[in-house]
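Scroll down for the structure; my scribbles are underneath it.
To keep things simple, chains are lettered A, B, C and D as they appear, and every chain counts its residues starting from 1.
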């Protein structure tokens, strides 16, 4: 199911659910009741969804998938996906306790995506831009050849069409199953950002829960403007690895968006409902004659 | 040279060599002529060695790459350059000792040389943080990259690191963004960049110095997205499966050359660089000098474009 | 607006005003007509005020410039811009709160705005470190300067600082080099730079944000190589001679305009900006808008060259 | 007495003092015996002088004046001073307990210099370069209009003649007696360095005892290469000011060359006898075809 159909179906469901009390239970839309991880409140799933998957009691931001993100931030019916069919060639024929191929298959079943990123062109509050959204549910949003290639192609299109670029990250890091090819995507995407810089086009990254490893150490933190979504955690190394290394418990706020703001690594923190407006505003502030 | 520490998989060799020594002693003491036996055994030992070292498993290579006596960055500096002057600091509070940089001549050509440094003793290892840089190390490197660019000096990086340091302070001062900015800025540099992975080339910590026009590896070096131990502990739920992970990750120079990830392999003496450092220095120097000469033919635009194209092409896709 | 804190030299004014209030009350209570006396006294008060405020001694201006209720950077942001978005951090570990930066529109023109921030309460002052930046603040500013340059945005800086912070950590992370690098990089920037000193413009700490195409001062601001207290304690061996030092140092806007150190003076309401912040905002905005418009006529080369020539000419020499 | 004559006289003295036992006592050459501030040793002044004014017992580096510095580092008879006659106009008609004019007069008497810097063109180990040396004995090496102007002119000549620039700093900071004009020299010299950078000419600064304030916060730390002379102290704020601000005693090594090396602010520390060779080597390493 492509993005367009999915969005269409979702809107239909939304409309229908307004009139029908016996809401359809759907994997993506969620269950009838949602329990907030943060405050423990049991809330009607519909209420939470309509609040952008933010707890109506405490403001906790639930993790959302890439399609939901696009539905939230991209103007209705303006998103044109590109390069949806790019898939990894499994260059190492990787196998641990499972084969990479079987993990890919499972991830596809779960997300209906070919890899952990959706890219395309669309409008955000009227501003046309090149947009990428990572999907954490696909193998932890890990970056392999497909992520690298799709981001690079997106940036190349942005340069061609003179569009700003916004990327929503969500990733545990590199995709080990692609070995060195995965590592090289850090270089590849950074090289693409270098070209974007040269073209003087605005590049915004939105770090969402969670953003770690190779994504943090490449295109994720190369934004001209770096926004952290409220409640997101981010960093280079994982919390457990660090605790093992330094043999010390880490403070509770370690690697939160607030921590990264305090330590000068993100330009701002936005709550989910601010994102659209802030992104569009930033684009306008960086455009001549706007 | 002090006695070489033996690696577990080398035990058979040392056993044969011990036997040869024994026979020699016996022969000396008893006066019995054991020349032919010793010769036979010596030949066997040579055969065995060749066979062993030419068929190393990935995890055995890793042990060589990590050998405590393996030449370090400063050994290379000392042996392949002249007029070395170390340039310290990030100009912002820190002189990270795990990344050392400076200016020197290689074969009379001034270059900016930057490398990760490991120690050979515990004291040195603490000073150099086991070759694991903090963000400030990457920022020092970046400062020196830009220095090189201003004065039109080629850059040579020498990499041997188990990765960027995963510590609290490192997160605080931006390990991720420091590496990312190096990748970005290296992509923009107008001078030739040559990277040589001499030992461990682990993860973003290695790549942060390795976005180059030419990337070389020593024969027993390894270059990987994650340490085999780290990979094993995640995918096999047990770091003890590091040998399996090392196989699966395809971290050896021959595979990486075949896949165009690197541009060449620098020969090591049989058994590894530490068995004959002098030869290793010569081999490495020759490769670097040749690369410097080749890259000197390219203008700024060509240097940037060929570097870009190289990384642009990396990836394994269908469709 | 809360009651304005009175400065020592303003006491005579407040005394007269108290007297007028007294007479009014007396008149109300007793029914005696004191209108003409009140009018006379009010006129006298006005005359006295004008005379006082138009002949302020340097050290009296300093007290106005330091007034706790004087508008701060964020007050200007709030009142002269639209669409303000603060951009945090140096991308290297710190978001120094004593220097705040961001992007906003002034009269519909997007600009990058950077300023030193002071607090109005103790809590705020601790947060903003009394407007005394650390090196990381200057590095944040530099990051934003370069951001402005990439996107061709004019830069406006608003300066009110007793100086860069003289602390141990500040030395450690390079207070000197951070300021120096800002001076150097501001000299190279390809976009218009407008600096406004709104309160205290002390030493390198102020200059680190003030290498500009156009430099303006509020009427009661002061701009100096050293705080008068610091100067007095060195040259008079006693900080109590700050008033004498303030005279000797020639720190007021009129002298600096006369000497071409600054390009214009922004009018303040009688008694200082805090007596009518709204008017101050309008005056400041008008000057900035006009400067933006003038500088928009210059191309990159002209912006750099005229900025260079301006500072090249500064100095007082014989021979 | 110009530099040339002074160097000439000094060399004559040196030669003569080798043969005559009753050495002439001269303000510049020093007394017969020199007591080391560091180790307390009483050493023959001549021995210390011949050792570049470095204690022969403990290596302590005595502060030397600008002329002595030039004699030490510039190749014999190659130094051509420029702009020796530039003097300050006393723009504020400054007066504290004394007038600026009288302080200038005293400083002139003490140093026979018109201000706290000597600039010129000369060779160091055969490499021709533009050279500036600050004189701490002239009003604490403070930077006023003359220092700013002479450095700017020196850099302009270097650009014209395509020469590298080396500046030996020694300064307590800005010259208060010139008020804002003094502050503006920080901007002026930094602007000049910007031009030098654009011309891609090497700029070396050598921070010698002591280098503080406005010099540290402008041209002093803008060297492409920053060398700290062994034993020098340096910083932005003075030790006492910091102690008063933070109400805390500072560590003994605070603001030493070693401290600045450790904190990443200088490229290297050189002992006095290494300087010539290192500077010349740096110039050669940064020159094409050398």
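Brief remarks on what is shown
Keep this in mind: contacts are C-beta pairs under 8 Å (C-beta built on N, C-alpha and C of every residue); 3 or more make two chains touch, one makes a residue touch a chain.
Note that the coordinates shown come from a computational prediction; the quantities given were computed from them, not determined experimentally.
A comparison of the C-D and A-C interfaces places the larger number of contacting C-beta pairs at C-D. Put simply, the C-alpha centre of chain A and that of chain B have 35 angstrom between them. Computed centre separation for the pair chain A/chain D is 56 angstrom, with centres defined by C-alpha atoms. Centre to centre, using the average C-alpha position, chain A and chain C are separated by 43 Å.
The set of chain A residues that touch two or more partner chains comprises 197, 221, 263-265.
Among the residues of chain C, those in touch with two or more other chains are 91-93, 172-174, 177, 181. Shown here, the protein chains touch in an arrangement that is not a line, ring, star or fully connected set. Contacts between chains, counted with the stated touch criterion, involve the pairs A-B, A-C, B-C, B-D, C-D. Chain B meets chain C in the complex at residues 91-93, 135, 139, 172-174, 177-178, 181. Taken together, the chain D residues at the contact with chain B in this complex read 197, 200, 202, 221, 224-225, 261-268, 278, 281-282, 284-286, 288, 290.
Against chain D, in their complex, chain B makes its touches with residues 83, 85-96, 103-105, 110, 136, 140, 147, 150-153.
Residues 164-168, 170-177, 179-181, 183-184, 187-188, 203-204, 207-208, 210-211, 223-226, 230-231, 234-236, 244-245, 248-251, 256, 259, 261, 307-308, 311-312, 314-319 of chain B touch chain A in their complex. Chain D meets chain C in the complex at residues 85-92, 94-97, 145-146, 148-149, 152, 174, 176, 178-188, 190-195, 197-198, 213-214, 216-222, 234-238, 241-242, 245-246, 248, 250, 254-255, 263-265.
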